[in-house]
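Order as written gives the chain letters A, B, C and D; numbering starts at 1 within each chain.
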């Protein structure tokens, strides 16, 4: 879309159709269409954008309505029937509209917008109204135009916010209609570990939920979990379609990214082998996420489902022992590296590298806690860092009986990446937090940590991450006594031998890949997950696993993966719908009380019963956002 | 408690009361097709629209699904309300022109139904049967089919699960249009195209309930099947 | 501003009723009142009056429907005669006991047998004790005025009783007279909309017409009687207000040339006009005779009557119905009773005249007055006047 | 749709409101009181009840108490229908003139069999003919129970009453019951139905249908009177059900002239089952019973004929 001729996006009318030379007016923020698709016009949930005189608006409108009808649920009297009437009256063979007919249709649209039951019906018809209002002549005096081709995409604020782009309104509607198995099936299309994600996800979708504007977001994560829990009771199997393919794919790292890729590739019929360094699969999900948030049986169950698809899993196969050449010689045509980022980053303070007892790396600690031989409990633990790993370390220490657990963070709460409920629950469990404090020197005595010297900070200008940069307050040094200091400020991948075989790293120490194909410099070798993106959330890693599987499939079939439409620059939450939404708070789930929590690693958060889930699902406003592009 | 003003009457109501209930307390007539006092509101028919004012501006809202909030102002007879009800009625009529329940509802909001050729018994997707089956009977034999991206169904329909249905017929009873039909003859009952075997009353011999239904009752109450085979008038 | 127009009085009665904007009319045809509902249904059919006209299948249903309609708070009108009134008989006392302000135009007619469609008062006298207020009109103008007044009286919060306006069959119903018709807005000013104190409506749930056991029945009857008696001052007040609005005076007992009269004729209804002519003739011959015209029959205006009759030696009381085997005709008995006990009372001659449409002339009245003047002792009982083969 | 066997779940959907309240003075096991309570639930609050003189008026309105949570009026014995006509006309006029709220308040006249098929029959016929928006419900307990079980036009053949007693030479009433529902059908009113308190949901559905339409409707509801029928109070529902199952009182409805059986009791049970448990029929000989059986079978087949072969007026009038 180069020059803007007309736009009604968000209801602001920009009309350059009469201008001699179409001004290079700024286009509204629009989704990015895959390259090589010239666009004449776009009709989207929030308006109409025209960039080419050749655009055929009535045709585009008809196409838009056809697509729109597919999304209308028909559960209220106005939306679908209204769309049907519009389709009927705007059909080329329909009797001429006339000015009166036209204004009737506009009133109809207004009525549908204010009386529809869900957010979809309330917003979907605005662009049609714009077309009728600003391209009146084309509707009143239809002219024969060359046929166009079309491209249409559906998303939703929650869907777009989700790294894996789950059809969230879709699976919520299925739950509402008492169809958990179907719902789970839909979830699995883009999230192979629903039970895990339903518990351990940071749920960016909920932050994007339109309901935030009225009361509070849908409990999307818990609904996903409800669907997964339902299945636990009933059981399913993941299918592998015939025909089997002969190509073998090796995947290094049975973490979320590796498991996802394995499942997708297996589902396409490839023979997949997973190499896992640790004694059990799961990667960060098992090593990083404490059982009180993600019970192990859930993870095991979902990994077993993948294994039962026929994925070969080899554990205790450390990265160091693997090489591309060997794997190639074993007949693997493609390799996917998803080793994650398990190497704790140094704080960079004095005395850090003395190897003093009591100084621990956060992820290593968690790994030990959950899989190996945990270090003996201490009297006091200081955790450095403000992320969820820091939280996990702190809460795990509490559970291991450490009397005094304190977190040190160099910025303030606003900049803290940890999730609110994580922090709240930690504080409930007695964890204290010291903001605007940075460690500068590790104090030791005869090889043991005795304390840490800290400096107070204040917030300066925002840095590249958009968060305000902490600035030291000179002369504010003070000392905190402790026998354990845990560094939890981030991780990076560890892949010694593979590096020598031609992998290149980025500045931030992650594996360099082609952003579209995820292929590394070495043909046939792909990488994804934390080892590419740096520490990220599970669903993000899984999404990358899926994409990797996609492009590995393409690579092995000699095709090139299509680039999906990106809704990144678009604000989907704001719609022109102005209907009333009755406030209704989300259904609550029981939490294990703080006292019992501290004593054990058993799951803290309860789940929804089926009726509760159906009730909560009813709150969904079904904010599907439809885009239809007209291309030559 | 929430204090509201509805058409000029001030009233204090417990939280959670719907605007429709509030209106009925004051004998304010509001047309509905999908509402039943014993079932969860569903908001399908859109005939019960009213205007509410909570944050300084009047907005249309479906009275059956809108709970009263403190300070809420409600008007049920404004021009906007009338117009929206009439549009809902017109749309319903355009899809179900021969369904008496729809025609009657249209008349109540001042929309004249088209001349009728035949009498139809359409499913108007009011969801009364779905909710009755779920909330009153508790077997979920009826559900809406979902629609959305990649799940393109031509027409939304209510899905019948023969495996769950116990043949109690409550859906046929609650159906406002007569679309759900239930036929009986001798020891058989036909509903939703599923045939049920009826159990005769041990006292009067009358076929009074489907075996499936009695089995279900026996299961949820723990009462032995044999004790359930006497009809209500012989008990 | 009223307009003068010549019209059949039955039609005029209908026009008067229409001026009162009744909401429901239920009536059944019977001679001689028939023209009243006929003309009313014309008025409704022409859209001049927005009302429900119920073509009932009997008089019993007519008054029943009026009863139901009035209970909803509607203003209600009906009309009948003779047998029709008797068929309404079951409902008559119920309407008054339920305090429903129904207004009825009653075209008085004889009661069978032998069947006779012509005028006398035996129909209303048979319903005398049902608790209705009874007004008697002497001419078309009074019919119009009284029908309008009747609604105001009936609906007065202190009254709340049904009212019948009596107009003699044929003598009035079928006679064409010039009459003054008040304008609609004049009537609207005089007669405000009816505001009932209890109605049949879900917004305020009431039970009407409940079962009364002996322990409350007396009290109920006492209340009804008190209401009828209590209506007298209201009626007088309404008439005074009428005079202020329309300039025509009404009083319960109308005295005509009674100054130092020795004999007073006592009449009700249309015969009063003939009687006035007779009095004029007698006065021309220096005969000290006068006339008392009763406009109000129930409640009976005892004080007004005795005051008006003061000084007269003889009262010649005309009755138009027979109380078979009684001591007097209904009016005769009433008049006698209202002088007893009392210090002094006039001689009372009671004639029953004009039964079943039998003509009554000026000469008849002159003769009756002459006979009364000759009376020196109180005569026994009563006399059916002008019976062939007797006297 | 046949609603005969909904009794296990659908009742949970019946209006919880009580409009004919407890505490009235009806006899134990009074079927009529039950039928009226159900009728009121079906009618809902926007209703005015016009009650003819009879048991229900007497037991429900002893001054200064009332069992009615609906606007209610009683005038006399023969005129419930005509009072109803007036109420309907009054409400219609006042609504049109904006003197009362603009909503559909239904007028419902109720009476016993005496008030309906005998003394009130003319008023009923008139009201139906005039096409008022009036529902008339006859609660038929087959005799003048209020005055002490005298015979009415609705008393069945062979029943012993105080004015048609069973004696040495007479088997109680010697003529057949007057079929008023059929006479109402002959009035060509849009809706006529029979109902029984033994089939509550059927009764409710029919009342709802009648309430919904704008125009005259008639429902004839069998109301068992344990006192007058000489049965124990607890047998009330059972006897009513037997009346239906023997075909003595079939439950059907006639919409726009179209007959439909709403409860199919085939195969019919012998009338013996119904007669033998009632004191009022105690004296009947096998010959009498046979005669009754013959008549009932005949009537039932006549009804089935109409159901299967009669076309609705609409069908007849439309080309």
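What we mean here is this: a contact is a pair of C-beta atoms (placed from the backbone, for glycine too) under 8 Å apart; a residue touches a chain by one contact, two chains touch by 3 or more.
All of these numbers come straight from a predicted model, not from anything done at the bench.
Q: Could you work out how many touching-chain steps separate chain A from chain C at minimum?
A: Between chain A and chain C, the shortest chain-hopping route counts 3.
Q: Which chain lies at the heart of the structure, taking centres as C-alpha averages?
A: B
Q: Report which of C-D and A-B is connected by more C-beta pairs in contact.
A: Of C-D and A-B, more C-beta pairs in contact link C-D.
Q: Using CA atom averages as chain centres, what separation in Å is found between chain C and chain D?
A: From the centre of chain C to the centre of chain D is 43 Å.
Q: For chain A versus chain B, what separation do you get between their C-alpha means, in angstrom?
A: Centre-to-centre distance between chain A and chain B: 38 Å.
Q: How many angstrom lie between the CA centroids of chain B and chain C, rounded to a whole number?
A: Centre separation, chain B to chain C: 59 Å.
Q: Starting from the mean Cα coordinates of chain B and chain D, work out the distance between those two points in Å.
A: 29
Q: In chain D, which residues are in touch with two or more of the other chains?
A: Residues 45-46, 101 of chain D touch two or more partner chains.
Q: What positions in chain B touch 2 or more of the other chains?
A: Where chain B meets two or more other chains at a single residue, that happens at 27.
Q: Which residue numbers or ranges of chain C touch two or more of the other chains?
A: 202-203
Q: If each chain is a node and each touching pair an edge, is that a line, ring, star, complete or other?
A: Shape of the chain contacts: a line, open at both ends.
Q: Output every touching chain pair, sorted by label.
A: Touching chain pairs, listed by label, come out as A-B, B-D, C-D.
Q: Which bits of chain D are touching chain C when the two form their complex?
A: 45-48, 50, 57-58, 61-64, 66, 68-76, 78-79, 81-94, 96-97, 99-101, 105, 122-123, 125-127, 129-130
Q: Looking at the complex, which residues from chain D come into contact with chain B?
A: Interface residues on chain D, with respect to chain B: 1-10, 12-13, 15-16, 45-46, 101, 103-104, 198, 201, 205, 212, 237-238, 241, 245, 264.
Q: State the interface residues of chain A toward chain B in the complex, per the touch definition above.
A: Within the complex, chain A touches chain B at residues 70-78, 80-82, 84-85, 107-108, 111, 114-117, 154, 167, 169-170, 173-174, 177-179, 182, 578-580, 582-584, 624.
Q: Given the complex with chain D, which residues does chain B contribute to the contact?
A: 27, 29, 36-39, 104, 108, 132, 136-137, 168-170, 172-174, 178, 180-185, 189, 198, 204, 206-209, 213, 217, 232-234
Q: Could you pull out which chain B residues touch chain A in their complex?
A: Residues 42-47, 49, 52, 59-62, 65-67, 69, 83-84, 87-88, 91-92, 94-95, 124-125, 127, 134, 140, 143-152, 155-156 of chain B touch chain A in their complex.
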